[in-house]
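Common to both upcoming complexes is chain A, partnered first by chain B, then by chain C.
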Partner chain A sequence: MPGRAWTSGLTRWGVVLIVILITLAPVVWVLSLSFKPPQEWLAYPPTLIPRQPTLENYLVLFWPGNPVGVVSEMVRTAEPVTRAFINSLIIVPISTALSIVIGFLAAYGISRFGAGGNFLPFSVLTTRMFPPIAFAVPLLVYYRSLGLIDTHLGLILMYTTFTLAFSLWMIKGFIDGIPRHIEEAAILDGASRWRVMFTITLPLIRGGLAAAALFVFIMNWTEFLFALIFTSRFAVTLPVQVSRYAGAVGRYYGPQAALGIVASIPVLIAGYLIQRYLVRAFTFGLVK
Partner chain B sequence: MAYKEQALIRLEGITKEFNGTIAVQDMNLEVQEGEFLCFLGPSGCGKTTTLRMIAGLERPTRGEIYLRGQRITDWPPQRRNIGFMFQNYALFQHMSVYDNLAFGLRVRRVPPAEIERRVRAVAQALELETVLNLRASRLDLSTMQRVALARILVIEPQVLLLDEPLNNFRPGLRELMRAELKRWQYQFGRTMVYVTHDQEEALTLGDRVVVMNAGRIEQVGTPDEVYWRPATLFVASFIGRPPMNLISVEYRISEGHALLSSLDFELRVDERRGIIEASRSLPHLILGIRPEQLQISDPQAPSPGDLVRIPVKVDLIRPLGRKLILDLKTRSGLLIQMVTPSTRRFTVGDDLEIVFHPHQALLFDPQTGQGLY
Partner chain C sequence: MHFPVRWSPEWNEERWMGQLLILPMQLLIWFVLIVPMLIVIYLSLVSWQPIMGVDWWQAPFAGLSNYVQALQDQRFLTALGRTMGLVLVAVSLEFLLGLALALFFHQEEFPGKRIVASILLYPMMLPWVVVGLCFYLLFLDKGPVNYILISLFGPDASVQWYQNPLLALMTIALADIWQWTPFMFLVIYSGLGALPPEPVEAAMTLGASRWEIFRYIVFPMLKPVMLIALIIRALEAFKIFDLVYIMTGGGPGTSTESLSLYLYRTGFIYGQLSYAAAMALLVLILIALVARLAVRPLEREL
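Let's look at the complex of A and B:
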């Protein structure tokens, strides 16, 4: 028996290890790439550990004009990423918060009162059924006449709208899981519906909200298509900035990788901060 | 009618429909101040719906609800000051026991010192002082139940509504908690309306029992009344374990006597002739007799001649410790159950003669289901 337990433990860890390797392989590759000088970007055979590691890819993100080496020369005309970073840090948290707040209110109405009829939850999903590019042209026309192109507000509205379906469905699932009796008990205790929503239901689905918020945050943080089409200078976000590191001869993989790593840091921090809620969200079925 | 003592709660012609299906139909009922009223019926009979309408969680499709003579049909639940204990207790899992108890008082903007005093008082009465700081999600079932009760009591409601609160307990504990509940009712002296599908619970706890079936009230009465004088066939067959023996009989007049006869026995019912003849489905009637009213006749000491005698064969013996249940087959193949002290030994196949007093037999109209009294 001990022998069997030992092998089954080994198998389990083996499987976990393989999954981790597959999942993290691109991350590891990007991380390694971000420290490589240009001659190693496309070297064959590839190197995992850079032979001549350098920080230049990172430095040029913030000080592109500062002549340190060959990479600075390539990206001489690029803007510092500071602006894109700040833009993303404005647009993404605000649109995520809006999406979650509106999503919670809408999900509550749908879950508890069947607001909007049976078809509403489904029809909300239609915004995610079309290829996003299908919306681009009509929206471009609207945005031009409204003066929303290349503005924070323009992207905030767009991100809120496009993630709403997602947060609504996810949060609705969590609200559906809260027994009505708990809310009714609070109502019989004299609490108003709003009070029940915010002091009973909301705390009970905190983990679910955190999970939804994290996913929406990631979706917005990495959104590329709309940001590319609807911004040009002022409201450029990080994913667009990544695409800017390219020249006539090809892409500048080093700075792109470095920016990818830098851009992932806020998400990692956000994920770390809310992970204790996430665990609760995934063990949610235990609340009966 | 003179203004008699006002009922605490009065339901007038209450009907509730859900998408065309009728859950409760034309219900009239009064709940008296201080009484323990039990709703008893199979699941889906509308008893919980009735409770929810009293609480204001459902709005009746038709009919009116009065609280101390005041019409409250349109009042939101928040305004009614009614305590409701849910089947799963519906505690606020994310709060401490203290906060659970204080919730209703905080909502009512009771001053903090007063909240503290009332919560402590109720916690003391229900022995919850040691768990006040625990999270509600970490309690065991019987503590949860006490917290649920305390949470209701602390707001000093007009009436306590309890929806199958003992359902989650395993059988042994269930009886213990039943006794606790009864003790609490004495202790707090509050009006309680209690929903259950467990007849023993209803008969032990209730001052009065409302037997419901398919959205209608079958009978309202004391536990004795519903047990010994069931108003309908449904009540007769639903209450009692093992159930009442229900036997088809025919009514006829022979030599000036009113007789009920089945394939196996005959009895004279001269004194009930008037009542019987008012029945519309004559000559067919149903005779009901409780298993514990049947006795085994003793050949050594002949019993009085007016007893009904039925020769039977023992078909199955089910010992229950002090008592045992005998399944008996009559000559015509009819199954009769009786309960008898286990002092005597029986074997399957024994020939016996069982007897009962004619006046113990209950009669029902098979078409309307109504008892003939």
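Let's look at the complex of A and C:
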């Protein structure tokens, strides 16, 4: 409805400003906290710009008990987050890649050959419909018998399966968008169907695949419940470490804030890159 | 679903390829979804705890007693009601705010609109635990929210957010609303952008008011998109766990415990896996029923 002015210029800018402020404020506060020395964490009145900015909160995350500063003295006993960081960097990319590869193959089979009928693509959606805790109960029993508790493989299997709904439906949307006659032409020229799939269709949806991969990456990177239940020491991921760090160092808000920022940076970058695919991603391709 | 028979002379080969393509996914679904579902049904019918010393397949049969216990469990029923209330309040507010923002962005032109829109989207990407941490830190006794309250309304205005059940629940709802209003905004805004302009232009020529255009033209056309957004968001909000775990731990007492948190505690902290399995199945049935009802208007629309 263009043309008519809905509000005066001043109100309009007021609305925009308030929206930006509310959206940014919580994270700006935590960002500022992450650069504050201990005496400023709960200082009253609170300071938005740290009076004595410090990097110590970040330093102790990876090197607790390092010889410099007061914070390291406080969190000497805390476990460094390095292991959780590396675990996330192992588990998340592998399960993301698996989810995309398996999702692509299945999406192609469903889109082009109607494999699995109507039932299969919808049954995959149930993994996102029900609370994950309902799956966690039987999986624990199962994983104990198989020795998959607190292993990378255990989490990778879960993360791959529980993001298949996204990769399958997103990629299926992209494949459905490629006209069949392109593939048919190649078949007439004598290419095998496998070859058509990999050398004609796959390159055409490259951008979509990348977007799906980044979205699945975000989903896996931020996953908390399964990681909390199925890991204890060896395979903990970053979100679990965030929650655990709060417990381990008590009221040491500075390092907590720093860890929150560190854990968010990869997903913020990924999210920024796939902005225009987000609607598709979050709605399983139902809204484009 | 159709087999492109004209695509090639031997569709048997295509069928074979199709089956092969979906095989990896089917294996995973069996491994992580279907077999566990069978186990959860079995578990709910026996009486088993990991500390009992017998293996889970030798546990004594318990009939429906776990279900009977669940339906009489005040803590379970309260957590269920609380979670549904939270979903209702948070998702409605997210929807209304998201709709208002989407309409505002759709109608107004101002420089930097694209940048503002993309700033708006970032809360959705953040890990839930980080959002929980942010809001936990904001509502600390000596945190910035209390500081603002005190500077506006005097020294008595400071509130101990986590001591009062209702206020604690409110901080959780606020965190959820902050993180997911952008989702509603995004879906509705892109839905608005995809609407054909002709009906609106025609109505304007005929002298319809802004409200009439919205109520009788834009709203009906947008209904399927809004329904999809509402269903997806409500199902997602019902799972709420991370925020509660980080912000209040279910406290004070058990007064902010969400359903997922109670199930987590029953199964994994108290070790009553059979009982947790029965409750999980009750929840699955409930969600399946609600989802069925929710999808019905959508089927009519599409």
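Just so we're on the same page, the second predicted complex is superposed on the first by the 215 of 288 C-alpha atoms of A that agree within 3 Å, B and C clash if a C-alpha of one lies under 4 Å from a C-alpha of the other, contacts with A are read in each partner's own complex, and residues count from 1 in each chain.
Convention: a contact is a pair of C-beta atoms (placed from the backbone, for glycine too) under 8 Å apart; a residue touches a chain by one contact, two chains touch by 3 or more.
Remember, it's a predicted structure, so these values are computed and weren't measured experimentally.
By the touch criterion stated above, A:G65 is placed in contact with neither chain B nor chain C. Of the two partners, chain B and chain C, it is C that touches more residues of chain A.
Once the two complexes are overlaid on the shared chain, A:G147 sits clear of chain B and of chain C alike. When the shared chain is aligned, no partner comes close enough to touch A:P53: not chain B, not chain C. Legend: residue contacts after superposition of the two complexes on their common chain; A:G14 is shown touching neither chain B nor chain C. Of the two partner chains, chain B is the only one that A:H181 touches; chain C does not reach it.
When both complexes are overlaid on chain A, the residue A:Y253 reaches chain C alone and has no touch with chain B.
When the shared chain is aligned, chain C comes close enough to touch A:A270, but chain B does not.
In the superposition on chain A, A:S123 makes contact with chain C only, not with chain B. Common to the chain B-facing and chain C-facing surfaces of chain A are residues 184, 187, 287-288. For chain C in complex with chain A, the touching residues are 1-4, 7-8, 13-15, 17-22, 24-26, 28-29, 31-33, 35-37, 39-40, 43, 50, 56, 101, 104, 106-110, 116, 118-131, 133-135, 137-138, 140, 142-144, 147, 151, 178, 182-183, 186-187, 190-191, 194, 200, 204, 210, 213, 225, 228-229, 232, 235, 238-239, 241-242, 245-246, 259-260, 263-264, 267-268, 273, 276-277, 280-281, 283-284, 287, 291.
Of all residues in chain B, only 55-57, 77-78, 80-84, 86-88, 90-94, 103-104, 107-108, 137, 151, 155 touch chain A in the complex they form.
By the touch rule above, chain A contacts chain B in their complex via residues 179, 181-182, 184-192, 195, 200, 203-204, 287-288. On the chain A side of its complex with chain C, the touching residues are 1-2, 4, 6-7, 12-13, 15-16, 19-20, 22-24, 26-27, 29-30, 33, 42, 44-46, 102-103, 105-106, 108-110, 112-118, 120, 123-124, 126-142, 144-145, 157-158, 160-162, 164, 168, 180, 184, 187, 193-194, 218, 221-222, 224-225, 228-229, 238-239, 242-243, 246, 253, 256-257, 260, 263-264, 267-268, 270-272, 275, 278-279, 282-284, 286-288.
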